[in-house]
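Shared between the two complexes below is subunit A, which has subunit B as its partner in the first and subunit C in the second.
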Partner chain A sequence: MELRKNYFADQRKDDLHEIGQPRPRSDSPGHVTGKTAYFADRNFPGMLHLKMVRSPHHHARIRSIDTSEAEKHPGVVKILTAKDVPHNVYTILILIQIGPEDETVLADGKVRWKGEAVVAVLAESERAAQEAAAKVKVDYEVLPAVFDMEEALKPGAPIVNEYHGQNHYLYDSGECRKVRFGDVEAGFASADHVLEQSYQSSPIEHAPTETTGCVVAPEGNDRFTCYTNTQAMFFTLDNTSIILQMPGSKLHFVGGTVGGGFGGKVDVIVEPIAILGAKLTGRPVCFVYSREEEMQISSPRAAEKVVIKDGVMKDGRIVARKVTGYTDAGAYSRHSPYGAQKGAGHYPGPYTIPNVWIDTYCVYTNRTPSSAMRGFGVTIGDFALEVQMDKLARLIGLDPLEFRFINAYRDGDMKAHRQPTEGAALIECMQEASRAANWPVAEKYLAMSSYAKGA
Partner chain B sequence: MAIRRGRGVAAINYPTGMNLGGDPTQALVHSTPTGNFMVTLSSVDLGQGMKQIMAQICAETIGVPTDRVVVDTADTDTGPHCMGTFASRGTHRAGNAVIQAAREARQVMLEVAAEELEVNASDLETDGEGNILVKGAPQKSISIFDVALSAHFKRGRSISGRGMFLIPRSYPEKETGAMKPSTCYAHACTVAEVEVDDETGEVTVLTVKNIFEIGRALNPKMVEQQLVGGSWMGISHALYETTEPYYPNRDHGGTDFNQYLMPGPGDLAQTEIIVLERPSADGPYGAKGPGEMCANPQIPAVANAVFDAVGVRIDTLPITPERILRALKAETPN
Partner chain C sequence: MAKVPVQFTLNGAEKAEFVDSGTTLLHALRDKIGDTSPKGGCHQGTCGACSVIIDGELRLSCLTLAETCNGATITTTSGLSEGGVLHPLQRAFLDAFATQCGFCTPGMIMAARVLLDHTPNPSRDEVVEALSGNICRCTGYEPIIQAVLTAARSNSQHAA
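Up next is the complex of A and B:
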């Protein structure tokens, strides 16, 4: 790595003692010698193991659940179903008033994705819990499922989630989050070329080294200590408090040392049911995802579809950009309404475009609920935007890097969501890329600056 | 049939924080009689090194070496509130809270030292090595260890501070979408060079040159590890990863690391990282949040390089050999 101090030297005093120094990490020796304690290093006498009975169907009505055989299995201590969960229907962003509550801790009457948790089995060993889970009999009536976002949005499509009533999130702005800036149709009408293209991604797994999980220990005084690898301690504690209808003062969360998150550990999935198990049995409980659960049950990065329509002039100026983004939330909201909205605030990318129209949709389908992941609401959008930029440059016969200089935002430029640009540095990154990659651009682009014109 | 070479470029920006949800984090700092300082948080270290960075920020602000600072996180009984580690917010939000707490603690520390040295606190400075000196008369000094002892056992003072950083929630305007989704933006530009085998569809990323502008590199070694890892992840997203290879079909999803593909050591591109620093107005010592954005520009850069190499656009991720071969086949009618 190289620090290029010649850029922005006028904005920076390099007079610090500890900041800017490549100090060795104090936790590294523990990590590399296996001495760092993670949640799973907590082991308590009498600890129970929790395993889930999961839906084999993408969408089905539950006619009945029979746990009688499972209860007789040696080592089984407790079996939990929906009726055991005090506030079974929840949604995590209710903490910031983004409802409705749309997801069940344990399925109640219906499953909406293949892998959904239906029954929790607590047993003396992982093996006993797994074997007993296989003996739980669930009678399903399979329902039509919808997997494709376009199909899901058509009239008459099967309704994925009745708590929403339609297969998209309803924002205060309507069926999508909107950004309107300038007159995009007038921009297209004045453009030399108009290019509309569609981009698609599929779900991606966070793949942390350490799978999602927690260990819960009753403190013996109606309080419960939860050792967890959540990325957000109080966010998880507060949601657990709602789900279990238990005052937050009864909950004690310990964590902060995590073997990789990447956004995959900000849902609240394992902690509430494990604490409920500890409360109802009076025993410590361990609930850890297997690698298979981490891959196919835990929320992935959403599949997205992004449609971009641009109007561009022969001289390289983009005069209008219309973006329609679709986020496949799967069966439940989790963080997806937020991610789709974050996308609306990100488009049209780091370019100054006078006419912009953005619609972002959060769509429900019968698949594993998606949620946050590194680059949430932005990563796939950037793929679409920057491939589109390459296509536009080639369409009008400009060098792809020079084309970006022509449109790059600078300090003071008004963004589509009506914030003036501050602290821009795109131009300087591209100047350095031109040098480092030996990708020549015209001298006038090397003389540009992100600072406001005339500043 | 041939190995074809191409290169592509992409440029991006990325927001720090989650203003659209409200964004508070708190920190507490106190000294112990050992002269060490404790930073107490409920923030989570995901492995990126948050504890180390908070220690360096606290040390810089108080004026002591980093190894005199211990970070205690994350216990909800002892640590003050933090929204969590996500949205590239950890360093920016918690760092600002730590600075505020450390400033308050530093002020008490200087007041106690002033009493011991019989000068005004405003006439004192720290030497960064564990001592407090009188400005212009450095022979008149006291160690921070002695100041801590004095505070605890003689002066009855608590060398401590409280820190809070809150970005108020921004509500998007319904019709126009006017909003303030972030506080500052990091930037990047990546140039990727690939080889594509037009017989097998296989892509080899030869080089990635990543330019990142991240505000301030608080610890350059840790910045490097995060940016190199992020660059790898971007390439992995571009060419390999998905839990549903035939989306929207649900079948063929990987359930372990044999089936869920990611690049291994033999697939690593020659990776170059160049960092620019334009300090952000509101970040701790000018830092922005580079944690997420460093994995983004490689994806379109690789996609554009594949087009440059073989002349077909793959607009669906991941860019698998199968997709490339199908696109090449569609281009050349039999």
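Up next is the complex of A and C:
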């Protein structure tokens, strides 16, 4: 590896001596000796196992739930339904005032996606819990479901989530997050070429090798220790406190050791119901997803659709960009209103465009709720934007890398969301990439700098 | 349910347990004996996190019934270091930044150990092949491959 320290040397105090050097990780000795304690490595005498009865339908009303046969199954200790959960309707981001509460811990009267948790069974063994869960009888009235975001936004579409009242999140800015900068229509009118393209992606599962789960131990002093692989310890603790109507001082969360997360373990899913089970039985409880649940139940990266319309001049300048982005939240919000909002700020990309119009929608459908995953809200957008950039370059007959130099943002440029650009290093990165990839560009681009235009 | 007696040698020590018929070796090791170094990632033989060595062969403990291990000699990653000194493979994984979340690490080390037992100086392709049943979702494969090659080199230097 070659390290070029000359770039931005005046903006740095260190000499980057750590870069490219191996450094021991503090957790590695535990990993290589098998001593690292993951949540599932805790075992307690008398520990119960929790299994969920899940909805086989994408959208249905629950007429009745009959747990009588399941209760008689050998080894069953406790069966929980919605009425057992103190504050059953919650939403994770309520902690930062992003509501309304729109998701049930256990389904109450209705299911909105295939796999939704309806009844929790606690038993002496995993097998007994699984067998008893199969004996729970739920009578469903199947409702029309909607799986496509644009269908969901049409008038007359089945309403997925009554807590919202319509199939999109309602921002303080209205039905979508909006960015308005310059005059996008005037930009298109002045452009030599206009190109509109649609891009879309499917949900992506993180598939960590360690599945989502927790082990809860009642401590005897009315406190509960929860060993968990959550990636969001305090979000989970605070949401659990709300859901169980239990002061946070009663909850001791032990975690930080996660067998792969990638954003897939930031939702508050297993801990509240497992702690409730421990509270109501007085026994330790283990709730761990099977591999099938990890793939089907845990939230994936959202499916997205991005429509990009660009106006471009023959000399390579992009003069107008209009983007409509759709984020498929699935049946519940989780982190998706935030993801869609990030997209609104991000869609101009690292390019300076004088006229920008962006609308991003967080849409509800009867699909598995989506949530965080590495760069959620912007990753799919970047794919779309950079494919669009290549298409634009081809359209006007420019080299795709030179086309990016022409439009690259530089320090001092105003971004569409009114944040002046600082610390841009795109030009310098592209200059090095041009050399490293042996993709030559004209000398004038190698003479450019992020510091100042014309430099 | 009638229990089945099982007796085997684990990392040099005699172990005896009564298990339910059908209990996996993974369950017996982790929940009965308390050796949690093999991990349960998929419980269907696809991720390799539960890999252990039985009588010199690499095995998936999630697909091995405990009752079939009577009289066997079993090695897990927790039994690899001797007298507090790390095995060359453990040392190489530590030095080469070959762990991230660490969940696949014990299984990777087991697979690498069996490779080096049979092939002391493997080629890179042989290392890749030997680790092909072990999934690392942090996708740190390159440092893992390098660690195994480094351990092989340090072994051969030691022998010379």
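Methods note: the second predicted complex is superposed on the first by the 438 of 455 C-alpha atoms of A that agree within 3 Å, B and C clash if a C-alpha of one lies under 4 Å from a C-alpha of the other, contacts with A are read in each partner's own complex, and residues count from 1 in each chain.
Please note the rule applied: a contact is a pair of C-beta atoms (placed from the backbone, for glycine too) under 8 Å apart; a residue touches a chain by one contact, two chains touch by 3 or more.
Since the structure is predicted, the reported quantities are computational estimates derived from the model, not experimental observations.
Participant: In the overlay, answer first, second, both or neither for which of subunit B and subunit C A:402 touches.
Facilitator: After superposition on chain A, A:402 lies in contact with neither partner.
Participant: More subunit A residues touched by subunit B or by subunit C?
Facilitator: On the superposition, B touches more of the residues of subunit A.
Participant: Of the partners subunit B and subunit C, which touch A:439 in the superposed model: first, second, both, neither?
Facilitator: first
Participant: Once the structures are superposed on A, label A:38 by its partner contacts, choosing first (subunit B), second (subunit C), both or neither.
Facilitator: The second partner, subunit C, only.
Participant: Considering only touches as defined above, state whether A:131 meets subunit B (first), subunit C (second), both or neither.
Facilitator: In the superposition, A:131 contacts neither subunit B nor subunit C.
Participant: Pick one for A:211: touches subunit B only (first), subunit C only (second), both, or neither.
Facilitator: second
Participant: Check the residue A:271 against both partner chains and state whether it touches subunit B (first), subunit C (second), both, or neither.
Facilitator: Touch partners of A:271: none, neither subunit B nor subunit C.
Participant: For A:391, decide between first (touching subunit B), second (touching subunit C), both and neither.
Facilitator: After superposing on A, A:391 lies in contact with subunit B but is clear of subunit C.
Participant: Please work out whether A:232 is in contact with subunit B alone, subunit C alone, both, or neither, and reply first, second, both or neither.
Facilitator: In the superposition, A:232 contacts subunit B only.
Participant: In the superposed arrangement, does A:338 touch subunit B (first), subunit C (second), both or neither?
Facilitator: first
Participant: Taking the contacts subunit A makes with subunit B in one complex and with subunit C in the other, which residues are shared?
Facilitator: 22-25, 27, 31, 207, 257-262, 291
Participant: With touch defined as at the start, can you tell me which subunit C residues reach subunit A in the complex?
Facilitator: Going through subunit C, the ones touching subunit A are 30-31, 34-44, 47, 49, 76-78, 80-81, 86, 89-90, 93-97, 99, 101-106, 109, 135-138.
Participant: Where on subunit A is subunit B touching in the complex?
Facilitator: Touch list, subunit A to subunit B: 1-5, 7-8, 11-12, 16-27, 31, 58, 93, 96, 114, 147-149, 172-174, 177-181, 197-205, 207, 230-235, 237, 251-263, 265-266, 291-292, 295-296, 300, 303, 328, 338, 341-342, 344-346, 349-350, 358, 365, 367-368, 372, 374-376, 378-380, 382-387, 389-391, 400-401, 404, 408-409, 416-419, 422-426, 428-430, 432-433, 436-437, 439, 450.
Participant: Could you please specify the touching residues of subunit A with respect to subunit C in the complex?
Facilitator: These residues of subunit A touch subunit C: 22-25, 27-38, 40-41, 43, 206-211, 257-262, 290-291.
Participant: Inside the complex, what are the residues of subunit B that reach subunit A?
Facilitator: Where subunit B meets subunit A, its residues are 7-15, 18, 20-22, 42-47, 49, 51-52, 55-57, 59-60, 63, 65-67, 73-77, 79, 81-87, 128, 169, 172, 174-182, 184-185, 187-191, 209, 211-213, 215-224, 227-228, 230, 233, 237-238, 241-245, 247-250, 253-257, 260, 262, 272-281, 285-286, 288, 291-293, 295-297, 299-301, 303-304, 307, 313, 315-318.
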